[in-house]
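Look at the two complexes coming up: subunit A is in both, with subunit B in one and subunit C in the other.
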Partner chain A sequence: MKNALSSMWQTLFGHPVRAFGVVSLLLLISLAIAPAKNHFSEWRHYQKQYLALIGNRGDAKTLELHFHNHDGIQQIWLPGLGVVDRCTTCHVGLKEASLADVSTQPFRRHPVIPHTLDQFGCVMCHRGQGPATTVEEAHRSTAAWEQPLLPARYVQSSCGQCHRAPLTGTPQLNLGRNLLARYGCVHCHTIKLPDGSAIKPTDDPPSLFHIADKSTREWIYAWLKDPQAYAITATMPNFKLSDLDARDISAFLIANSTPLAGDTAPATKDKDEKAPDPTAGASLYGGSFCSSCHAVQNAAGNVVGGDVGPELTRVGTKVKPEWLRAWLRNPRVYDPLTAMPHYRLTDPQVNLLTAFLGNKADADLLANVHLDAATPEQIAHGKLLVTEYGCASCHEIGGIKKPDNFAPELTRIGSKPLTQIIFLPGMEHSTPAYISAKIRQPRSFGAALKMPQYTFAPAQIDALTTALLALTDRAHDLPMALTVPAQPGSNYQPAGKAGQLMADLACFTCHAINGRGGDLAPDLTWEGSSVQRPWLQAFLKNPGTLRPALIRRMPKFNLSESEITELTDYIMAVYQTPAFDRDSMPSSGYASAQVEQGRQLFYSKYACQSCHIIDTKVDKGYIGPTLTQVGSRLTAAWIYHWLKDPQAMRPGAIEPNRNMNDEDARALTAFLMMQKGSNKQEAKK
Partner chain B sequence: MAKTIASYFDELRGTRVWRSVFRSGTGSSTLHRALAVQQNVFLHLFSTKVRTRMLSFSTTWYLGTLTFGTFLLLVVTGIPLMFYYHPSVPQAYADTKDLEFVVSSGLFLRNLHRWSAHAMVFLVFAHMFKVFYRGAYRPPREFNWVIGVILLLITLLLSYTGYLLPWDQLAFWAITVGSNIASAVPVMGNKVHFLMLGGNVVNANALLRFYVLHCMILPLVAILFVAVHFWRIRKDGGLYSHQSEPQTVTAGPVPAAAKGGQFQ
Partner chain C sequence: MFVNKMTKHWRTFFAVSLTLASAACTQKPEPASALKPLAFGAALVESSGGKQIGATGMVLAQSLVVQVSDEQGTAVTGALVEFSGPAGVSFDPRSGLTDSSGQLSTNLVLGSIAGRYQLTAHTPAKARKPVELKIEEIALGIQQQVGYQLDNKYCARCHNPESTAERVSNYDNLQVKPHPFTEGDALNKISDADLTSIISHGGPALNKSALMPPYGYTLSKTEIEALISYIRLISDPPYHASGMVYAQK
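Moving on to the complex of A and B:
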């Protein structure tokens, strides 16, 4: 063996000339490797495959022509966005509409999207490494590139980098953004938006200044241990507190609470009060439309009702009756900024509702809670815990300052370098995997972590991950001209006495005016141009529903005459559209020929009866409002302009724009204005 | 076959053009061969005569020649790399990526440059160990040892400045750490740090500064010192071997013959 080796060495390198030749040959071979690697590169291989694929198709000629106009390495270069995408080098058929039947990658055509590839490139939405020309480098994270391809189920997050406002095509992103505010994530984690503002929480956690007036220590203990055991929809997360910690925090909160004048009311005993009708409470609860905002879990376990206010399934276990009585009488005493309207309930009504809600109790919840009187040490320890867990980030607590930046800022979480993330063993090393795992089980990253356990459905976790992944460096560094900003939030506040009244009635909880308010009820920005004064007065006195398919309606607030006049005056005077004069068309006296023409148009040409009802005996339409009394409800000018372009009057209206000519719109207006109905019937409803 | 290949070469050497370029004339006499070396601007740095024993592998392991070879390779690969590279913050890293992804054989070019650089640092150290342990630094070669130390520093500086140019995380933090070490110098540390980076942090100025140092100043200085280094080999008596070592170190003036400088 040794001899063979040494003789080989002798043959190759024995003589200087031969040695020189051998070394030169080795050098040449090694130099030839580089161009050879270049020639047999992955992208050339894919382009050859593509040519073979299109070669035997009917439209081979066109496709080949398209290809040969752009063979070699392709790139989409967008200097303004910092994009150099060479993905189209291998994904050759992205723009070929005729490749709809091809399902093998990388030759599939791109699904239809609202943007063109040439203007946006690929990595703007899909991430990954655009300049790369190898499969591994382009798609995955490597030693010199951290950002791998974004999994398709989070792709909506990329829309959110430029689009700050909700889009109809991105429900997951919209939900996620909503959840960030709704579940109060942003109380602890600051999220600054590229325009400089920050996401504001919308969960409105209650102040704990006067908690002892409202609730018992036992309930607080049970709630702290497991909020979802009390209410399945509770926003408050589970801090996984030990029994002793929950005991001490409840001790501190009760000891720290100060009494507030007027937030409790003793039971009033009416001398001649009869035993209340057992169904009266339920019917008052229903008639006041409490369920528009509050949910209750029924026997089948379904949560029924709105999510504006807290769930009331076990409210009798939570609140003290004397507090509930005062709250129902006027919630603004305890919480001046509550979303709850100030119902003008009479004392018997308050008693009835208090009794009804008090029965919504669950004795099991507190059955095992036995707390001895708190010691000063326990209270002090409770205070320490409250500070440590950052309770004051969400709740106002007397004597404890709201901490700033209690949790890490998430402004650029979508671009967090992987090297700064500590992954769990066995976990996929990617930002989406980390974020979703952190939301799903925060404490799995360390028992000492403070982030509490939330109760999210998988779809909610995906939505939150999507919303967080949208917070990238790119989103922040894009020139403002390339972003689609959100509608700036409005701080609209109506003035004067009417303004105070509207705040007291919490109109904005359901109605939007001038860009501020909820979407539970119609937008009232131009209500003054829309309705007739007598109808509005009657409606405020006794609200009815306008739509036959809708059971919910505005609750009856028992407003006084002067309050109704105040509100009506304000609405009629202030909420007018600049587009037209509401008195520019008469409310009656239309020629019968024109009315008849309108009837024809209504029933035949435009077939309005498919959605609306004019004659309750014949018409079956139930999508739109009933129009039996429309002539006494709306102004003629409003109807006319509405018919011409409904969306111009109220953006998002579902009534289709029929491009009516002036004559048809006039005739229909005349016909509709004749539908006066009877005010009596309206009032009865 | 009246004419051999050798006779064609002889004819070529006799032409006027050849003679205008190589003035030493033709012939294989000792004088002609000595003139061929002495009258060539590149070769005249070297001795006109060496002992065959000095050219054997075991004498030097060819470490100095190999070092010079890697240096040439670095110059040859470095120049085309300069064609593709912009020393600017937004472009530098993208250019490095482009070399990998779109420039024909760009990755080969860059890898050749990088590995040659590593090899050069290794070879310089090996060369110095060999010289040190064989005692070849001793008089009369002590000045050439000093030049060798300067060349070591230049090599390290070339390596260090080149490290920043890809403008990746590794580069950025390596230079940040390195420059912070410089700021630990007493009294003038912060000034040195500022001078090095052209600012207080590693940024566009540092990149430009390092680029100019790496591609122009340091290579030129290196070439200058390499020339002196080679020239001093001849002046100090050719390559070192035990036999050329004076047996005794004498105090006072050394006789000219003992200097071993026959070929000055």
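Moving on to the complex of A and C:
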């Protein structure tokens, strides 16, 4: 061995000239390493492939020209955003519209998005390591760089870093944000937004102060064990309580409940009252448009109805009739802030509805629930459990304070370092995988964890994960100038007696006024400029629907004359647009030639009959409001301004802006104002 | 590894057109499924979840449910069903045994290119070739997603003959019937420029019915582009851009 080595040494360095040659050769080789490494680098390999790809195409010249202006390592540097992206080094064809047919990465064209690469770079949306120049380092996490590429299914979360308001192109993100508020996630988890505000819950978990007046202990027990067994749409999660724990919590809640004056009403039996027609309850339920807000699951298993109020499929099993009676009479006694309007129902009507809803019962639900009288130990244990599970985070419970920060804050969850996350064995080590697993099955991370089990569909879990992944360090550290803020919330409150009346009738549950309220029904901000007083009075007395194809409708509240006058006065006086004077155009007396011209325009040039009905015998437009009596409903000035620019009158209106000239708008207004309707028939519609 | 494979086969890879249905990029079902069928069926039908419009790379809102039945049409429990689709599509689960109602449900994530995805479900049958079922789903990119939302808000009331619980269709009430957006036979012949013109200036711009109102003062140029790109994507038969064709030399 030693001999072999020394003979080799002799061969290589035995002679000074030979030694010089060998050393020179070694030097040359070592010098060549750097350029060779460069030459064989991954990105150069991709660029060569790209050239081969485009060389074969009809538009090779143009593409090659684009490429040769930009070969070598590419970089998008945006100091303001902290972006240093070299992705375009390999992803060469991102901007080439003609590569639409290429489906192989990294040469695919980027899909059309509202932003350009040069404005935002790549990692803003896709995450990953921008400055890296190898596939592995750019896309996956390494010890030094731990931000892996964001899977495509969550990519909308990146939009949410800057865009705080809902975007048309990001339904998944919008849904996720909605679910965070609607499923009450933020009752336990604080989520502070970059503008300093916090996400507010939009669910309204009922107060449990007087629960014993409303429900039985047996129902509470069954509900605690499995809320979705009672109502498939229930948003209350399943806490996977043991039988004993459910027994003790129900014992505590009943024992802790205090009676409230007026929230129960004994059955009143009028001697003269005949046994009601069995269909009367159903028709009162239908006629009061309860289903605009409440859903019922039908025999086929479909949930039919609105989702503003709770599902009523088995409500007869849940509530006591004496409570329901009082609730229907005036829900504001039990819950002053409920979204339910105070219908002015008569006693027979209340009885009818109570009986009808009482029949919506499911005996199976409580068939196996047998609870003995609660002992003080059970009640004490129940109280302990209620505190431990943080029930008071969502529900008001007598004697228990709402805990602060009951669950970890999620303000920056999208940037949570991987090193701080405990993954389950076999789980992919990434933030999205962790978040979605946690939402899917919280207790799989430990049986002792308190987070309950929700019933989300896979698309909902992805939506929630997307919304949470938007809460990154970057989102919080962006300069305000670069963000698109959300519409500020409004706490507009109408004044005086009318204001109280509107609160009592829960107008804001469906209608929006001055930025506050729901979107189930038209925005009323400028209602006073829009409608004529007599029509409004008649409508409040007997609301109909203006759109024949509409399913959700305004209920009839049985308002008194003085209440109607109060509301009408307020709406006509206060809800006026500053844009024009509602009395600036006459309501009748238009020249017949102008009216005729309007008719022509209506039916031929503008073809309004595709969406509206003037003549019920001929026209079939079922999209916009029926216009048979529009001349007694709307003011001429409103019609005129609406025709000129519908979106200016009501943002988001679907009637297209026709860029109508003045003459046409006036003639159409004249024609429409002549549509007074025949009183009796129209009142029915 | 991926790199090597690409160098070797890049010609084949690049030949793959946007038509995702092409067999070239269809994933082969996983070799040797661990599941053993307990029973065999004779027919495979889609129960729900087909023809959905989803988004690229995202899980579809509804699960895909297929049902296996025998010659008499009775549901078969314990039949093996395997799903397959183009590259990028993932199924959860990819295969499984049917439940007591003969059904198997899977959650679907479509690939990252906008387009139509042809998927296949198959179940082995006794002494015959496996029964196959073709299912189609559509993935929208961000641009088409915007178009889809605009369609829902402005167009679908007339252009979609189907009514939903939330939206009653006006299609049947119109004297001149609008083209449903899936009607490729008619719409594929209209150029992008002409579609833009009809949407912006209404039907009369192309000597068509005035029942189609102009939206040029309501929608932005970007929105109209998004709408057209959505219409092109959902068209059946599929739309192929005319004009310059960048075919291989």
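Keep this in mind: the second predicted complex is superposed on the first by the 647 of 685 C-alpha atoms of A that agree within 3 Å, B and C clash if a C-alpha of one lies under 4 Å from a C-alpha of the other, contacts with A are read in each partner's own complex, and residues count from 1 in each chain.
We take it that contacts are C-beta pairs under 8 Å (C-beta built on N, C-alpha and C of every residue); 3 or more make two chains touch, one makes a residue touch a chain.
Source: prediction; values computed, not measured.
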Exercise for the section: Would you sort A:133 into first (subunit B), second (subunit C), both or neither based on which partner it touches? Expected result: first
Exercise for the section: For A:593, select first, second, both or neither according to whether it touches subunit B, subunit C, the two together, or no partner. Expected result: neither
Exercise for the section: Could you look at A:22 and tell me whether it touches subunit B, subunit C, both or neither (first, second, both, neither)? Expected result: neither
Practice task
Using the superposition on chain A described above, determine whether A:112 touches subunit B (first), subunit C (second), both, or neither.
Solution key: second
Exercise for the section: Check the contacts made with subunit A and report whether subunit B or subunit C touches more of its residues. Expected result: C
Practice task
Scan A:656 for contacts with subunit B and subunit C and give back first, second, both or neither.
Solution key: second
Exercise for the section: Mind working out whether A:34 is in touch with subunit B, subunit C, both or neither, as first, second, both or neither? Expected result: first
Exercise for the section: Could you say whether A:623 touches subunit B, subunit C, both of them, or neither, answering first, second, both or neither? Expected result: second
Practice task
Please name which positions on subunit B make contact with subunit A in the complex.
Solution key: 90, 94, 97-98, 101-102, 104-105, 107-108, 168
Handout entry: Contacting residues of subunit C [partner subunit A, same complex]
Key = 3, 6-7, 10, 13-14, 16-18, 20, 25, 55-61, 63, 92, 107, 109, 112-114, 141-143, 145-146, 149-150, 153-154, 157-158, 165-168, 170, 173-174, 209-218, 222, 225, 229, 241, 244-249
Handout entry: In the complex, subunit A residues that touch subunit C
Key = 42, 45, 49, 52-53, 56-60, 98, 100-104, 108, 111-114, 151-153, 155, 168-172, 304, 457-459, 462, 549, 551, 604-607, 609-611, 620-623, 647, 654, 656-659
Problem - Footprint of subunit B on subunit A - complex, ascending - result: 33-35, 37-38, 73, 82, 84, 86, 131-134, 137, 144
